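Order of writing sets the labels: A, B, C and D. Residues in every chain begin at 1.
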Amino acid sequence: VEANAEAAGGAAPTQGRRSRARHRREAQVEFNRIVAFSDGVFTIAITLLVLGLFIPEGVSDLTETLLKQSGDLFAYAISFAVIGRFWLVHHRFFSGLERFDDTLMRLNLLYLGFIGLVPFSSQVLGDYGDQTAATVLYALNMIAVTLAFALETGYAHRHGLIRAGETEQETHLARRSSVLFSVIFGSSIPVAFVSPTAASLMWIALFLVGRRLVRRLPPPR
Amino acid sequence: VEANAEAAGGAAPTQGRRSRARHRREAQVEFNRIVAFSDGVFTIAITLLVLGLFIPEGVSDLTETLLKQSGDLFAYAISFAVIGRFWLVHHRFFSGLERFDDTLMRLNLLYLGFIGLVPFSSQVLGDYGDQTAATVLYALNMIAVTLAFALETGYAHRHGLIRAGETEQETHLARRSSVLFSVIFGSSIPVAFVSPTAASLMWIALFLVGRRLVRRLPPPR
Amino acid sequence: VEANAEAAGGAAPTQGRRSRARHRREAQVEFNRIVAFSDGVFTIAITLLVLGLFIPEGVSDLTETLLKQSGDLFAYAISFAVIGRFWLVHHRFFSGLERFDDTLMRLNLLYLGFIGLVPFSSQVLGDYGDQTAATVLYALNMIAVTLAFALETGYAHRHGLIRAGETEQETHLARRSSVLFSVIFGSSIPVAFVSPTAASLMWIALFLVGRRLVRRLPPPR
Amino acid sequence: VEANAEAAGGAAPTQGRRSRARHRREAQVEFNRIVAFSDGVFTIAITLLVLGLFIPEGVSDLTETLLKQSGDLFAYAISFAVIGRFWLVHHRFFSGLERFDDTLMRLNLLYLGFIGLVPFSSQVLGDYGDQTAATVLYALNMIAVTLAFALETGYAHRHGLIRAGETEQETHLARRSSVLFSVIFGSSIPVAFVSPTAASLMWIALFLVGRRLVRRLPPPR
């Protein structure tokens, strides 16, 4: 009956200080709001990507203009895949979370702040994909997202906020995947100074083989 | 009591590998997040359509400018109807889903990627509706959405992720409706090279009689 | 136990044809998705209003430009109030809804289509509030919203989808309020041809005294 | 069983007039919608911030243009932090709320109206951060948000809508934090007339030490 009442109203009196980590069942409504807020930022950011494609009224040759949009479409596709992938990983991280506290919520906000920048980096990449600066900006944005996520998951790990067992292994997998992500995007920055296109190809390769690579590495001790 | 605890926290320990299809009751929170994410993309895409209508500051004759917006209004109306229709069908598909796995989530992201492009295609259609390129772009976007949905529902079907019984019939209906959609939008592409307006009229006809047509065809064996 | 299982998974098998009106408890997940979708459109539309205020980079006198934004701020304020009010009424209507069917969902989409246009009408009103065309456009948008809502609630009423008792009285109140809304916005259209400002003042008056007026009228027989 | 049925459908018949404050458990669906609506506005506003960063197509020196975006990045960062902070506080306020009524919902809308303006103020701050008018606009927006929140929480407090006990202390903390917020942003306005940069530094200081400051003050009697 107790658990039931909570599910119904989320109204269980909070015990202790607010900085204490709370169990997700204990603060069901709050936990759901954090999840919903995160999902909201992901969803809106992913949908705002399309704004980078809008074309002005009154262009003289529409067919030509649309055919030239291939850079924009590439940026849209990769950014949709990137945000979608981050969302899946974030999703998995949160479903394995057992407790949460204020610090975790702040680190989550930091992380979301960098996710929220992706439509900007993507717009620049779409319009200036052949220039080094655009490629570097995009890679920096990706690295910032990954580092913020490493901070967030590392904090959760160190403070025992994650459910034990298999889920913990999943977190290891997610974190190892983050490292691969940082390494590829990091090493694409010097490459971009030679050839922005080569840097973009590295990102595509990451998406095609990255997942398999991460799974083949030996499991964490 | 068991089912109750899950409803409260979605915290049932996951058994087996993550690539295994999970029952929606087993992973309630996750399932709801996927639904919420999908709905979010639909909702934001449908609401971003209005941005295609915005007019610049300082036009000399406002009345004339507004009266010329009929193309924009047509694009808004048809895109709202299209996204709304897709949402209803997606909605029905998900309510009949009993299990889900990672591949289904990826196919769902692919599908949402094309839904997210509709505000762009719609903006181009609104501003250049009398040109072949705009009409072809719009039709291609619609076909891509439909094919992605066919992939998603086909996968769910083949892997037994859908609840048996009447709901399965609904899925057949939804898939047959997708075929009609593709055929009409596909055949409107050559028409658009002769007359973009005729192509638009085909789409309107699809909306007016399509549903009745689909229902009259014999039920799947 | 039965009701409980449904709350947990929303997975009760659907009985009968899909066009049949279903009880909200029977199709909990679906009902919640419709509510969430509607709320999403309201929320995004209300938040997109701010885009009408954005100013270009590089204006010469910022202070003057900002002070001239009073028209934009008025449009923002009234549109925020309007969408907020519509949301409250829609909110109340849905909380009194006991069953829903496909037609109701379609009428709801039509209604949301006009809600989604408000950011456009508001942007035009903000930039051209001293012109008749802008005022008429805004009033027409409001009337379309109200009529679509009358269609939706009228349908729900005629088909017994609303919970009996006091809630029904609330629906009457909501519908009467819609009539007042239409009358004021409708009669502001001819006024706008003489003075757009006078039309705007009528709207403000509607917000200040409208609610009290509606409550003072005799209850429905 | 009773509480259970409500959790499942939110379908408990409303007793008494609608202006009566209702318990959140009694009107679960409605309460959740208000929370979702508020979260939606926060989420969309925070994600729209990125639109202030978009750069036009065809700038001659991309590297230089991007390096000049530091003002925009500062505005993005501080606005993300501000909206995120407001969200946390609002979040906490709502989780301590036991009852709600129509007036509270209206005050909440007023509050959200000012939250929704932040992307505009932030865009102006990003592009004109070195000008007094931009800094004053931003500070005024922050003060309006804080005052509206004070109205909302004050009303909830006076009408006994908040759960007794520790949560009440949290509300005191939140309100005291609001006062500090208003004082800092208020006093930054005259400072902005001398140096807009100094005003910005005051805001940063508020974020770095504000929380600690509020916690050190003696608890409310």
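By definition in this document, contacts are C-beta pairs under 8 Å (C-beta built on N, C-alpha and C of every residue); 3 or more make two chains touch, one makes a residue touch a chain.
Because the structure is predicted, anything quoted here is derived from the model rather than measured.
Spacing of chain B relative to chain C, judged by their CA centroids, is 24 angstrom. Measuring from the averaged C-alpha position of chain A to that of chain C gives a distance of 34 Å. Across the assembly, chain B contributes residues 4, 7, 36, 40, 44, 48, 51 that each touch 2 or more other chains. In terms of which chains touch, the assembly is arranged as a closed ring, every chain touching its two neighbours and no others. Pairs of chains in mutual contact: A-B, A-D, B-C, C-D.
Residues of chain D touching chain C in their complex: 4-5, 7-11, 13-14, 18, 27, 29-30, 33, 36-37, 40-41, 44-45, 48, 51-52, 102, 105, 109, 112-113, 116-117, 119-120, 123-124, 127-128, 131-134, 137.
Of all the residues in chain B, the ones that touch chain C in their complex are 3-4, 6-7, 24-25, 28, 35-36, 39-40, 42-44, 46-51, 53-55, 57-58, 62-63, 66, 76-77, 80-81, 84, 87-88, 91-92, 95, 98, 163, 165-167, 170.
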